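Two complexes, one shared chain (chain A), two partners (chain B, chain C).
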Partner chain A sequence: MVRFKSRYLLCEVCFADPRSRQCLEERAVFSGVRDAIARAHGDYGAACCAVSFTVKYLNAYTGILLLRCRKEHYRLLWSALPFIIHLESRGQRQPCRISSIHVGGTIRTCQRFLIRYNRQQLLRMLPGCQSEEERASVHRAVLSCSLKQLEEEGSSRDEDSD
Partner chain B sequence: MTDYIFYIFLDMAVEYFAGTIPDCIHSMRRHDTKKPETASYERLVFRNASDYHYMKISLIFEGGNIRLNAAHFKQLIISSLRELYGEIGAALPFDVLKFEENTLSAVLRVYSSALVRLWSALTLLGCYQGQPCGIRVVQVTPFLLALSGNSRELKLD
Partner chain C sequence: MALFGDLNIVNTTDKRKLKNVIETAAHLGYSTVAINHVVNLQEKKQEIGKPTCVAELFTSPPTVQGKSKPIKIITRLTVVVSEASHCNELRTTSPRTRLYDLVAVHPKTEKLFHTACMTLDVDIIEIIMTEKQQFHFKRPPVNVAIDRGIVFELVYSPAIKDSTMRRYTISNSLSLMNIGKGKNIIISSGAEKPLELRGPYDIANLGLLFGLSEGDAKAAISTNCRKALLHGETRKTAQGVVHTMKKTEVPEDKEEAPASKRARTDDP
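And then the complex of A and B:
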């Protein structure tokens, strides 16, 4: 069968100033990444990645970003991500760093990885808890991390697996 | 690869008709059934002719007398690579082995894997300091010795 295969890059955006994470916008990330590809890979790279490049998911609270591109050119996108040093949003330049944590063929595999990753991050936060309430809320969050609930919710919107 | 497979089939066909099929089908040797001792040969196929490719090119301006030196010439090619392939393309390692200022012709050396990128960047070279110009590729070869003679400029007396 002939069909378009894509690669999903799960990335994490780290800001120098933690408060500016709230002002993260999809459009800002889209134009920032596209310009970075054009600078790093020229006209050829910009054209290759522009065909099927979108920001699929952006979480402003955790800084998780999911990018999609074609399977043949995902390395161009991947290698251009370290060259991003700031993101423009509402006329302000915020210095940031984008690091990729996972490459998957479907949104579902990225989702599974993200749940495991979030669980690890929560467990890492546990020693730094100040009070019993925080500890209890972290415990509850860790226990509620599971794919089954999400599968029941999102079974209608999931994409086919590659 | 297809040549190699063809030769294997040829060997097997010859041995079939001669009446002796070797037990080991994947043998790389051909046994000569006529002579008492077996004469064997081994065929080696190299896919990559050479690590480098050499290009003989000449820079052509529409009009005007423009002087360039080797450094400007290399800078011109790097700027064309940067436009087409970005910063990573501009870092493509290539060498200008020879540059003649009078005829504006040069010999470039580039890794074989990077030949397509360099050639496409040379094709799309547009202008130098506002003057329209172009690059004519005279010869491309994986062996430097081939640049010494060109059958187009050969004079037979």
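And then the complex of A and C:
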């Protein structure tokens, strides 16, 4: 059976200025990554990755990004990601860094990894809590995230809020 | 995979910036980080000073992402040599270099590269990344350096900042790979700001661009870093066999370091 196999790259976007994270848009990321591939790998790279390259998911609050590309060319895309130094949004250049945290074959594996990763991040935030209310809300968030619950709800892909 | 290490974080006088960079490195997953003091002896009035006290930086070092241990911070000295007289500082008996955990040299000419590989007592040899290399690498000194346990370092932050630097970086590293076949290579950041750091898996992928094979690229950020660290320890402790500790009342007797620590071959 012929099936198009893709690779999903789960990445985290970090900005120098935390407030500019909220201005993150899918179009800005798409054009930024496409230009970075063209600069790093030339016309060949731009053409290879243009076949099936999309931004599947973008969470402006946590800075999580899910990119999809073909299985044959995912290394080209992956090796161009470290060279991105800024993203343009609304005419402004925001210096940023994209670091990849997981490569998966399907969206579901990336989702499973992301839930575990977010739970780890919440647990890392726990010692830095300033007040009891913050601590209680982080506790609740950690206990409430689980894949089973999500699978019962359907195929919605929302994570815990920070 | 094994522990990741980033052995080149440029030392700045601004402590907060340095703290930010180290916290970012811990967030990205690096278990070991070296603060690099660069000394360029060609400029006047540059001396090798004392390393920054690591305990002053952090009361409690940040924990590494994905592990429960805190990040390990060590000190490193890089001496940029452009004349033969500068090599005097790097002899074993030099008092200042003993204070640092790792010693690196950045040779600018072919003769100095030859001396660094054969005779100088260093752990890391830094390869020029910001300009086209004037000389070609030769096989004999590179092989001697690999036998001695010296590690070659590729710095990737110039490549991220500028496009022409990217070309020099890739061409210099490809010429090194041709001669050295990818052994004893580490890739490190040379970062001054937290945004210049990249995650370890991204760097392993960059290693593929630099001409390394997949296994070598993964080793470049994990096992070879550990190799350099152990080499630095053996420099301090007489080839890893003797480890002396200062005690307040009675001087501790010599204790054998475990055999697994002796990672490098002895000098003939």
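We take it that the second predicted complex is superposed on the first by the 154 of 162 C-alpha atoms of A that agree within 3 Å, B and C clash if a C-alpha of one lies under 4 Å from a C-alpha of the other, contacts with A are read in each partner's own complex, and residues count from 1 in each chain.
Everything that follows uses one rule, which is that a residue touches a chain if its C-beta (ideal position, glycine included) is under 8 Å from a C-beta of that chain, and two chains touch if they have at least 3 such contacts.
Keep in mind that this is a model prediction, so the values were computed, not measured.
In the three-chain model built by superposing on chain A, chain B and chain C fit together without any clash. Shared-chain residue A:Ser79: touches chain B and chain C both. In the superposed model, A:Ser99 makes contact with chain C only, not with chain B. Of the two partner chains placed by the overlay, neither chain B nor chain C lies in contact with A:Ser31. Between chain B and chain C, an angle of 60 degrees opens at the CA centre of chain A in the superposed model, to the nearest 10.
Between chain B and chain C, C contacts the larger number of chain A residues.
Of the two partner chains placed by superposition, only chain B is touched by A:Gly45; chain C is not.
By the touch criterion defined above, A:Ser137 lies against neither chain B nor chain C after alignment on the C-alpha atoms of chain A. Within the superposed three-chain model, A:Thr54 lies out of touch with both chain B and chain C [touch as defined at top].
Between chain B and chain C, the minimal CA-CA distance in the chain A superposition rounds to 5 Å. Residue overlap on chain A between the chain B contacts of one complex and the chain C contacts of the other covers 39, 79, 83. Against chain B, the residues of chain A that register as touching in their complex are 37-45, 79, 83. Listing the residues of chain B that touch chain A in their complex gives 81-89.
The touching residues of chain C, when paired with chain A in their complex, are 24, 28, 63, 65-66, 156, 159-161, 163, 166, 193-199, 201-203, 205-206, 208-209. Considering their complex, residues 14, 16, 39, 75, 78-79, 81-83, 85, 95-97, 99-101, 120, 124 of chain A touch chain C.
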